[in-house]
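Just so it is clear, A, B, C and D label the chains in written order, and each chain counts residues from 1 on its own.
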Amino acid sequence: MPGELQTAVVGATGYVGLELARLLKRHPRLGVPLLLARESKGNFPTDLADMFPALSGNGGYALEPFSWARLHERGVQLLFLSTPHPVSRTLVPEAIARGLRVIDLSGAWRLKQERQRALYGLSDDHHELTQRSVYGLPELNRENIRDAALVANPGCYPTSIILALAPLLRRGLLDRGRGIVCDSKSGVSGAGKEPTSRTHFVSVANNFSAYAVFAHRHTGEMLEQLNLAPHELIFTPHLLPIPRGILSTIYVHLQQSTSPAELESCFRQFYSDSPWVRIFATPQLPEIQFSLNSNYCDIGFALAQDRQRLVLVSCIDNLLKGAAGQAVQSMNVMYGWEEETGLN
Amino acid sequence: MPGELQTAVVGATGYVGLELARLLKRHPRLGVPLLLARESKGNFPTDLADMFPALSGNGGYALEPFSWARLHERGVQLLFLSTPHPVSRTLVPEAIARGLRVIDLSGAWRLKQERQRALYGLSDDHHELTQRSVYGLPELNRENIRDAALVANPGCYPTSIILALAPLLRRGLLDRGRGIVCDSKSGVSGAGKEPTSRTHFVSVANNFSAYAVFAHRHTGEMLEQLNLAPHELIFTPHLLPIPRGILSTIYVHLQQSTSPAELESCFRQFYSDSPWVRIFATPQLPEIQFSLNSNYCDIGFALAQDRQRLVLVSCIDNLLKGAAGQAVQSMNVMYGWEEETGLN
Amino acid sequence: MPGELQTAVVGATGYVGLELARLLKRHPRLGVPLLLARESKGNFPTDLADMFPALSGNGGYALEPFSWARLHERGVQLLFLSTPHPVSRTLVPEAIARGLRVIDLSGAWRLKQERQRALYGLSDDHHELTQRSVYGLPELNRENIRDAALVANPGCYPTSIILALAPLLRRGLLDRGRGIVCDSKSGVSGAGKEPTSRTHFVSVANNFSAYAVFAHRHTGEMLEQLNLAPHELIFTPHLLPIPRGILSTIYVHLQQSTSPAELESCFRQFYSDSPWVRIFATPQLPEIQFSLNSNYCDIGFALAQDRQRLVLVSCIDNLLKGAAGQAVQSMNVMYGWEEETGLN
Amino acid sequence: MPGELQTAVVGATGYVGLELARLLKRHPRLGVPLLLARESKGNFPTDLADMFPALSGNGGYALEPFSWARLHERGVQLLFLSTPHPVSRTLVPEAIARGLRVIDLSGAWRLKQERQRALYGLSDDHHELTQRSVYGLPELNRENIRDAALVANPGCYPTSIILALAPLLRRGLLDRGRGIVCDSKSGVSGAGKEPTSRTHFVSVANNFSAYAVFAHRHTGEMLEQLNLAPHELIFTPHLLPIPRGILSTIYVHLQQSTSPAELESCFRQFYSDSPWVRIFATPQLPEIQFSLNSNYCDIGFALAQDRQRLVLVSCIDNLLKGAAGQAVQSMNVMYGWEEETGLN
């Protein structure tokens, strides 16, 4: 159809790729998205519905092997990469060179600082492109996303944490010297589709565990985007016995005594133009179920009687606002469409 | 300690092996069990608690590589095999030749009929030993287990189904011509510890599915032990989103109108000497939680108004009465101890 | 907007009411639905989002106390009742008398035969309206639904079972004399929102149980719609430890040897005009996850080697195809819209 | 049997009462425990197995209405109260006056400071008895428990938090000025057996939520036992979608740079005589599954590169070490038995 944007997804067979395929297929401004997989272990499925039968009966989700020729043939203008970060590091420069715009969902292009990229084992090549990439959090970076050639879609944990902290930090309300504690809990889909002893049902059910304490790669994004020093923020991820959803509990100290109404007002003003952030009035707090299967980030808070110690609670669906939904939201910004388009 | 039986477990690192190790360690008539693993992929753990930290702090569960020499050195008299059936098919004849008694928890020695063994791809060698092996369901085979050299521990599904049907079949109460439908539901531990796409948390949670319809290998045991023809019994296993437990719903027709009291009495009499079977009085039915973490098989029933159509419900913990607990119960029978010993 | 249908939901605060509110609000042919609750225990919420915060941020779901005046004032033409069956029995005759069309989601109007209605404690009043009501299963009753004043929306279990059996029964392929066994498993939302010891998380998690064996009221619908005698069908419901979804495993005997291809073809032909039924080619079987959050009924089968014994597997989302989605589908039929409208 | 201690449980029908009944029944130093319930709503069950069928088949758990006469008649010496705190506040003084020793599992007698008791709405009567009561955490209070007339069994959350913090605080290693953040997650049994909208399966499954932020009554115990000022500790409880188990993630700052080995050594020394605390060597961390169905408190930690910021992880089974198991452990101390007795 004339006027439709042509898109493609590389890595459509993972959990995030699946969500992307669903969202793009029903997006009103797009042609049928081209779904690509990089390798064909064993029987290459010719339709995503062969892997995910939930998708069947809806006209099909044809799946093809990745090739630049195929992208060209289909006139693809915007490329979504849901690939491991080393693959993204290779594909993105060529895509940009070919004149495509790219939204990359890996960690390959999120970090400007060499120190942080070291956590991903990323070398310092592609310096210029690294610096030009735009961190794809529309609520904070709308203007830059609009014209970006390369959007680095945020990690799931950072999305929940940065959106909760940014209003307070940018308004100068926090006492950073007291430190920020981010205690996050995620459903299992965040660990990917690969079967491991860690993702075995029997290991996860009736269980709960912390992991990667002081060592999770997502920490770098939080520090860079919030302009914090490493000692100012502690981030501890945990594994919840549920398929999807993230809740982050964040502990901060305010510079000075503040009322709940002032806090709520700060959040509401900061996100007044952001349809995908919902602010909860105290004492109600977000729960994981509220934002499940939606693109919302829900933010609430509880204030101590001293009006200085503050607990923030932030929830997202890790596969939507934490990945595929946010990528679509950024696309909407890139092409000047309403941010809600195709996400309801 | 003099008078203590020396035991060993081969394959202690699986879910069943773990339960066996726990049960044998606290069994009052046994020396410390020798725990063996057959292979050492990567770092061979020297203690089972390295794999299952729940076991730590209790004096340890030392784990060693399997060798016949080690069994001899420790004076092992009874060998438990929690190994894949081809391995059991190899190890058992040698163990018997060395004068050990064996309780094998695989499917390798359960079937006398060639037709059924074909499902396991088992050849017809070891004919004599195959015929001498005793099906280790104490409630039905106590006398034979007592003196057996080789006990073939029943499968989990067959345990739940055979115990529910045996009283009615042996008393001639069922109209076999009408067919027997066995609809079974099992927790995920029944599928083993190997991580697969099928056992991934995200595949199992919020889900429920049938599998291996008309094709599950456990069907052979049911037919042989209940003396049924293949067309007389349908067995459909399903995967429950829980770690452990089996519930079988069984549909039969009675030969003639029978009262609930007569049925209950039939069951109670049949199992009057069986401490590990609990009969539920109608209308109460067993649920999976009731027998979880126990060696009980719980049996209940509902009778139609016509007093001929009958639904049986049978529950077990698949890792205990369906595997390790039943093996210990058979050991108790083999050595003349109370069947409850070490199982409470 | 001119041309928009005005609808109302009575009983919007239950699980089914919530789904209905969501579906109706985004349905492209409807005005904003009027959401009504019958009583105000304690604080009457003025918006459904106060009870279900997942709904917030979307313009609101205003909730009002039920009154006929309010229905009139808003020009409501079609009334959805998600109320207990005694309430529906009272409200429906008046609604019809006032010229409204009604889709009732309770069991109050589904049964024509007095014998079956006795299970609901329903008296034999309103005889004429009872006989005029149309069983709202569009796949079987499209023509009657089109002009119905009163549509009785089917129960969740019957939907999954009737859709699987109807093609075979109507084509005369089944040997009814051998009996039909329906073993169904449902998620907890089927038991309603009322907190009870049965729906307590600790009672359901890690558990699985049968209930109401030979005594579930949904049996009547199956018998009436499939034209079966009581002794020809056994129905056993079970409670799954998941929030939503139903899987029914159904055991039947074919009149004569039939190939899998013939069976598949029978199903595909029967449902060739039914967009909300998906037929699975053997050996693939539906699983609960596949139809979750959709209006699909998924049907698959496995055939024994004798080509006579047949196992059917049928899955639905109990709150959508089993309740609210099916009601919307019937509305689409009633007003001559595509059956998919508003359900994707 | 001579030499056996006679015990009774009041409130045996709750989750904690059930665990107590199980533990006391199999404890080798006790006579058959007297199980009592305070009220008889509807049909008073005469055996606990009528409510919890898992208990059946084991000789029975006879249940009787509470009366002082019955306690006297049975020669009860030690009384366990698993009752709401206002009931405990009434029963305990009379029990003490009658010469019984008491272990109370409610919050009625845990707090010495009036400020904290206010959270329970407890008046300041029974001043002397309040001050004489002993906080029943054997690892910290063995000596006082030994001779106590009244032991106040700790809350579940405080048990997990106090045991993790006490070694560091008592050795003066923590910089209290930097604040202590306790982020705890509990299974649903902690909320009790009463069915509520909060404990409904559909509300809990696929969900996770914080509650009672800055307002949970257990905070008082932590402050009193750890001798902290209110502003020095933040405690946030969360509800996990699992039946049982608690994991607390605790964030502290060390006074000075400390090595992991020194920290591990500090914990090991502190708990060298405590069989029910297991210390994990870094980098291994406890998970909820490890201590499930046991009386262990598992403690592990992760240290930042700066060797000052420290994350502690502490796990217990809330019904055992967090309630009934700890009560039995205290009983063992009170009567001079090994602390492990009856708990393996």
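The rule is simple: contacts are C-beta pairs under 8 Å (C-beta built on N, C-alpha and C of every residue); 3 or more make two chains touch, one makes a residue touch a chain.
Just so we're clear, the structure is a prediction, and the values are computed from it rather than from any experiment.
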Subject >> Identity of the chain that, by mean CA position, is farthest from chain B >> reply: A
Subject >> Pair exhibiting more inter-chain C-beta contacts, C-D or A-D >> reply: A-D
**OP:** Can you grab the rotation angle between chain A and chain C? Superpose on CA, round to the nearest 5°.
**Re:** 180
Original post:
Using CA atom averages as chain centres, what separation in Å is found between chain A and chain C?
Top reply: 37
Subject >> Centre-to-centre distance between chain D and chain C (centres being mean Cα positions), rounded to whole Å >> reply: 46
Subject >> For chain A paired with chain D, centre-to-centre distance based on mean C-alpha positions, whole Å >> reply: 40
Original post:
When you check chain B against every other chain, which residues touch at least two of them?
Top reply: 203, 205-206, 241-243, 287, 289, 292
Subject >> Residue ranges of chain C in contact with chain A within the complex >> reply: 26, 53-54, 56-58, 206, 275, 278, 280, 284, 286-287, 289-294, 296, 298, 344
Subject >> Residues of chain D defined as touching chain A within the complex >> reply: 178-179, 181, 183, 185, 203, 205-211, 213-214, 231, 234, 236, 238, 240-243, 245, 247, 249, 251, 253, 285, 287-289, 292, 302-306, 309, 311, 313
Subject >> Residue ranges of chain D in contact with chain C within the complex >> reply: 15, 188-189, 193, 195-197, 199-206, 241-243
